[in-house]
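Questions regarding the structure given below will be posed in turn.
Each chain carries a letter (A, B, C and D) given by its place in the written order, and its residues are counted from 1.
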């Protein structure tokens, strides 16, 4: 594969929060040439008009939002980012792939390999089941080699990113019982997208804390798939998400059961602490966006907002025998658009951190 | 016992968030005559000067903060609320009780009956272990009869209130395994008190989500005590608190293991849903501040902020076999000051809701 | 006029923020019997279902939202609160008045007496110009006697309340040049109503400060009318509103030109400070919701949120010769629903503070 | 002057919000070599330990905070940024300048050229009046040529930046009456610095709006100095700042009196709109961080947060005859640290935008 200095890219559905953040990252990217952005709502307007904060980029003043038409986009870009609702994304991907584009999809459409499970969780038949085999789950820290050659990359959901990254190495290292994973998460309001519903109005969210989607949130489908693949058996997990009044950020707090009993045993507890650290270092020693916290530090979303990093900390609890693992990400950047750029970098053989530091 | 039309009360340490909210509730209380408020910091100033929002109460313009001196307060009030730091509260309670005052303590000093556990969690010897036998744990929905006759009431912590109220009836009804309780909570910043530390500055908390106190938060001591008393055996639980940017409010989300297996069994799952409802109705049918949510509703702190209510909802998860219970309270009102007033009402034989609706 | 123990009332359009706050205040009101609430969107549901925070009121569980039909409402209530959009409110008021109801309108429809100015600012012809003569501008501190006998009360807008209350007494006392009033205001997001638009989504408002509606906001029409009436000449003023990320609250900061020059004159400056105080005391000495700040205190919305109070402070600036007056209100309560209740109390000869303290 | 590829720099007082943002910008700066950071509080810790969000920079793991000692710093850096309290900064600057360092001071110490006015506003005698002649006011858009050769640069305050940039070109073009400037501003809470006081606790600021420092805020001293210099006569202005619950951002809304009457005259009003635009284009056509808003757009802090841009919009008001000008900046970046970097770039002959886009 030839490595180009720049790759022509397009963003389809660039008016939501994820699409806007993609535009931000791509305008700054040394190896991306943003050739097209689409949005039904803003068609005809320049990027600078819709997003004044980008107006100092020359391209923001010249590039106009277009109506999303797959054929036209296919002629403009080699790599196309889809920031569309599920269902719509898959239909859009078909012609793009036929025209030879590489597709990086931010929706849920190609994350779940089993169309029956997709339908169970997304309440409609999968729009392009024939493509599921081609897609690679775009969690770079886990699937880097497959992403390199993928033509269709399904970027993970924000919650799954915050949960799978801390959990998978522990399963791989045999340190936890994969059948007893309990995840509690809280997310900022951009997680709901730029959706115009009463529930997401300022005065409904501000000074409000609330669980939602309990007990069967859609992201369970992809999380259980990946857990099962790693564990080598069918896994179900408990997942309780909450909406909290910040713009960006997810904290996930996991209660895990160690494979070996540590309750009441100080030596085993301390040993587990080290084993977890080793497992993470083995898994993520070469991964530039994993920040393992040391000492007394615990994750804080304000340390990752706007960035592609994940913070991870862990505590073995001698009193209860459980292992508590905590993570923090920016739900938009590492959770969506930044991770998509990371996949783009890998797929195009650019440095993994290009445009992301 | 004679029921007086009004009872003279004092608030010691009235300048923190809990003390301020006590003042708010007592100024509005039909049966409380606020006779004294103390604060080292504000001594000499009127309530209206320190808290302009109360200045329309005639008493707010006449009553001045005094230096806290137990002997003087004992001559002014029959019931004394202590809104002091742990350690300090106990020392203050001793002379008040000797003078015949009833004491309603908002600190942690009299919650834990075992002084060894107190020292383990609070890092100093208990200042008045001889009083521990006299104190009643002031969770009205559970200890109403004992509160009626108590001279020393230890109001529960905010997190314990949000967790014990949903959990205890389920243990009592035999519906859950009390040894496997996993609680995740998030609290507004007033939970830290009016403490002047960098961590609680606006710009450190706003747009920040973070776990803290993991895995051994002080409130575990009282929660495990109460769980153990109800279960009839020694209980340890997992508890992970988080700080989130709202002024007031706690959400607790509990992952519980049903006593009878429901995994994969729809009928058992639905039966459990009903059994939980029955257990709550049996336990709380006469409790005016318990709001059991129906249908699809889930707790939201904005529905309880400023009030003494707790919202509770539950979901039996057929997929995982777990029972998820969620609660919402105002950490200051139901979590601290409102609950103290509720105890006051019970102890003085006033209607339990007096001054709280 | 007979004073009834209770008056039957209805709220038409009870699902917005103002309507919801009216319901809150009326459920707590000793002299109001809430007989009907309407909302197209929630028709058929109980108050408790739509607003769980009110569910402890017995009436919240029995009273259901109905479709808004004037004839039916007229048979149910003596006083009807209209919390409807402008234009719609006037059409609704006509049959209610014909049926003998007293109408307290929270919209802009009856605030401006000149239908030409109404049309200039609201961009459609006035729907009921024949009623304009009957309406009284419901600023109780100014129009108390007229409100007593009014059948149609037009409650002021939130910004006008925060600006007129501090300004009118100064004009009346001849202390300022009424032709040079410059008002800057900032409002919480509920000021926009429960309007489902992108601009009011959480992530669009949080961490955002922005002017809007500059230089010709609709509220100028009623403010200039009232200023002109008081000044006895046609007045135009400068008004710059801003949207800021709080749920509730307005700060208005007024730059006024004293009638007599104070620049560089310490004695005149101090004299003006006292004259302003006297003017407010004369105007508002009997008004229970005016809080004149003393000493170094300045208004803070957190001291008025949830209440019907207005805080007012002033500073004569010897350096510049200007008089700066600052006010704080809750845009929903004193700005809308609480003021409506205050009008209701006056109109029905109840104590002015009934249900508002 | 030789242009070096990199210049060695130090940040003295790097633990406040401005210092932290300087560190962020310098770690990213292509031409800055961060050689030293100081902080009494954090001495001995690495940047990564104190600010985990910077830990991916290799230097953040190696560079440790040192105690601030001028002689040592002078040996380490050619350019020293002082992020210290006023009074302290001046004393620190003296030895640095003697050792030949260039000093970029973020405090107020060298902004006001008249030590008597400094003492009037800062309540202590100026610590180094002999240096005042050497200092240049670091508003790059106005003083670019002087900054190029300055050894001592006094970076403007955040409010002055937001007010002077929109006002000065209008005075220079003769479009407004410089004696009648009325500025209302609102600032996020980082404007108060990382100061540990009750007033800046989360729960005191959140859901609170409040004026402060009215009518004689310290920033008046430098604003009136610069206005007077431009107008060629002594100017006093009205300035009313407010604290609002965002982390970062300032909106300033200016009410200005046009030199030629426009009231009631549509043609003059429209002409003024164009003249203002021309004045800004003349003044700022070559300034990369000025964003003049077109059409209906108004400033919004969320479009400038984290950046060195200022947004400016204006409206001539035919009804009142006033000119309203509105601006938005990030109080930390354009208001403090970013502007300091901009000065650094100019002083070292780097591209003005280096490290700032």
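By definition in this document, contacts are C-beta pairs under 8 Å (C-beta built on N, C-alpha and C of every residue); 3 or more make two chains touch, one makes a residue touch a chain.
Just so you know, these numbers come straight off a predicted model, no measurement behind them.
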Could you let me know which interface, B-D or A-D, is made of more C-beta pairs in contact? B-D
Outermost chain relative to chain A, judged by CA means, is C
Could you check which of A-C, B-C or A-B has the same interface as C-D, with more than half of the contact pairs identical by residue number? A-B
With chain centres taken as the means of their Cα atoms, state the distance from chain B to chain D in Å. 47
Starting from the mean Cα coordinates of chain A and chain D, work out the distance between those two points in Å. 37
Sites on chain D at which at least two other chains make contact: 188, 204, 206-207, 245-247, 300, 302
Spell out the part of chain C that touches chain A in their complex, as residue ranges. 17, 188-190, 194-198, 200-207, 245-247
Counting only contacts in the complex, chain B reaches chain A at residues 182, 184, 186, 188, 204, 206-212, 214-216, 236-238, 240, 242, 244-251, 253, 255, 298-302, 305, 315, 317, 319-320, 322, 324, 326, 328
Which chain D residues qualify as touching chain A in the complex? 52-53, 55-56, 207, 288, 291, 293, 297, 300, 302-304, 306-307, 309, 311, 357
